[in-house]
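Before anything else, here is the set of structures, which you'll find just below.
Below are two complexes that have chain A in common, paired first with chain B and then with chain C.
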Partner chain A sequence: MTKAVTTLSPTRMELIRLRRRIELAQKGHDLLEEKMDALMMEFLGLARRIRVLRKEAFAELLEAHQKLLKCMAWMGTLETVEASLESLREAEIEIASRSIMGVRVPTVQAVKISRKLVERGYSLHTSSALLDEAASRFEEVLSKLCELAELEEAIRRIGWELERTRRRVNALEHILIPRLKSAVAFISFRLDEMERDDFVRLKRIKAMLEAREWRK
Partner chain B sequence: MKYKIAVVGDLETVTGFALAGATYLHVHRDRDETLQKLRAFLSDPLVGLILITSRVREELSEELEPLLKMKAFLPMVLVIPDRKGYYPAGIDELEKLVRRTAGVEVVLG
Partner chain C sequence: MEEVILRELAKLNAHLPKKRISLKEALENPEIELADGGVHRFKSSELELLKTLLPEKDWESLKLPILIEMNPKFGKGAGRIRGLLECKVVAKLLGKRENEEMILYLPEIAELRARLSTVTEYFFTA
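What follows is the complex of A and B.
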């Protein structure tokens, strides 16, 4: 038996207290299990969405790269790079947070990335139309990637929380609750034993008293 | 809150996303330099999203692992394929995480 049990005082008070603790632990265990189920649903849903979005975004990225490559071949690598540095690089994403079962995850709210030709900021008369096309492709990909980043960030955080919750459920189920139960068994055994002790003692005393009575 | 976008990777990737409006750029050449830049981006309160190409992620995986694990709520970090579409399975810990938590193999790629 564990050490915590052997140092327990076998009283009725202690028994009641232990029973209450078991009840509480059980309730906590059930709640955590429910939380785990909910997180798991969320997790698998996200995994599915990521799978789809990844395929889409990565294919688009590859296409955008091909456009850029064409542009680099036409305009020259250096000129393309220069134009990209010249352009207005002020894309902004609005990020807030929401909570899924107590897990804080980021949500990308407004993405304003796609721009009109004249808003891009590089000089139009020195650049080719291929550059415009590449830029618009990359803008599209970038807004997709923002969405993907949000999902990946969320799934990562939920995954961590799931692991933590699972550890706590296991600790309750396999360590705390069995330990408390064995303590209850120990105390009720001791209490019963004491009761039997008392019973036998009373019997014995009664027998002794009766024997004395007869001798008179 | 509004945030900017940072890109770390090869020249083509950085150029492309610069055209799309990414504010912070870094072309990966040297390990230490890139690492320093990444640390700066990770601790910059203005940066909301960091795109890292798979090659950089792979090359700096030892140093990046703890950085990404310890990172704050923002910025978000996303690993993307490089210009050739190079994106090996398990480049990020996501698949490992799925296997560990869901107990099943889920193909994300």
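What follows is the complex of A and C.
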């Protein structure tokens, strides 16, 4: 910092220029802080939603698994696996992107996951109603898992952006602005010093001229 | 370092759309082009929610995304919503009194963003 300060030319123009830079840096700091607050709000909001959604999804998954186990016990493991191999494994999911303050996050929307009985593809004659129930539960939970995937990716990217913005804010707050302020203080001090020098010099000259007058 | 900061400030609003579109247009095509070249997609569930909040004659006049103006002079974390229809929608969602201009505070913005995350967008001004 000392090196930076000593290379400055102590002029009024430099002082004005530095004051303008401080103003800009301060404005930038305020704006980036606003952005950081908004990002933090998004981050916390997402974290809250993820917590609720995860709990719900896990509860539903557990229920679906229980249904599947019941079905396996009733129909037999082999028959259930056979039915699962017969079923169609297509799910329509729409993946796009959206922007949260410049952070691109994916949007994952389940368009068509819940299917009718006949659309699933396995034989209805040989399978039990328990299998239908388990399948419908898994379909329900899949759309929730899509939403969860979207939110978890969003929170990861927002967290990264938050960290980046915080670094910028800290750099402004703890490095750039103090450095500029110390440069302003240095130039102000030097200008005051120069003014005092001039004043003393003028007084000396005046005294010398007056002394010369007296001698005459 | 100053250059980095200036670059950062320059792209603070780069996520805004090149042109805002009406709710009616968004219902037909929910994608908009952004100033940074990206594409933003409105969630259909949010557009459906907006449909229920406004009469059909206003669908053409409501411009999306609804901008939340963030300015340090409003106070920490506070934002402003401008526009009659925009305020009407937000007021209905948050249970506030309608006005041509509304100042929202942090918890209100959080609630608004939680309910309308794709059809609202932050906009930073100094």
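In this text, the second predicted complex is superposed on the first by the 210 of 216 C-alpha atoms of A that agree within 3 Å, B and C clash if a C-alpha of one lies under 4 Å from a C-alpha of the other, contacts with A are read in each partner's own complex, and residues count from 1 in each chain.
Convention: a contact is a pair of C-beta atoms (placed from the backbone, for glycine too) under 8 Å apart; a residue touches a chain by one contact, two chains touch by 3 or more.
Worth saying up front: this structure is predicted, and the values here are computed from it rather than measured.
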Judging by the criteria at the top, classify the pair chain B and chain C on chain A as clash or fit. fit
For A:L31, using the defined touch cut-off, is the partner it touches chain B, chain C, both, or neither? Pick first, second, both or neither. second
Partner chain in contact with A:R156 - chain B first, chain C second, else both or neither: first
Who does A:R168 touch here: chain B (first), chain C (second), both, or neither? second
Kindly classify A:I16 by the partners it touches after superposition: chain B alone (first), chain C alone (second), both, or neither? neither
Figure out whether A:L69 sits in contact with chain B (first) or chain C (second), or with both, or with neither. first
For the overlaid structures, how many degrees, to the nearest 10, lie between chain B and chain C at the C-alpha centre of chain A? 110
Which holds for A:A96: it touches chain B only (first), chain C only (second), both, or neither? both
For A:L202 in the superposed arrangement: first (chain B), second (chain C), both or neither? neither
Determine, under the contact definition given at the top, whether A:R104 touches first (chain B), second (chain C), both, or neither. both
Would you sort A:R120 into first (chain B), second (chain C), both or neither based on which partner it touches? first
Looking at chain B versus chain C in the superposed three-chain picture, what is their shortest Cα distance in Å? 10
Would you tell me the residues on chain A in contact with chain B in one complex that are also in contact with chain C in the other? 44, 96-97, 104
Chain B touches which residues of chain A in the complex? 40, 43-44, 47, 50-51, 54-55, 58, 61-62, 64-65, 68-69, 72, 77, 80-81, 83-85, 87-97, 104, 106, 113, 115, 120, 131, 134-135, 138-139, 141-142, 145-146, 148-150, 152-153, 155-156, 159-160, 162-163, 166
Partner chain A, residues of chain C touching it in the complex: 1-2, 4-6, 8-9, 11-12, 14-15, 31, 34, 36, 38-44, 70-72, 76-77, 106, 109-110, 113-114, 117-118, 121-122, 124, 126
Along chain B, where are the residues that touch chain A in the complex? 1-5, 11-23, 25, 48-49, 51, 73-74, 76-78, 80-81, 83-85, 87, 92-94, 97-98, 100-102, 106-109
Parts of chain A lying in touch with chain C, wherever the complex brings them together: 21, 24-25, 27-28, 30-35, 37-38, 41-42, 44-45, 49, 96-104, 107, 109, 168, 171-172, 175-176
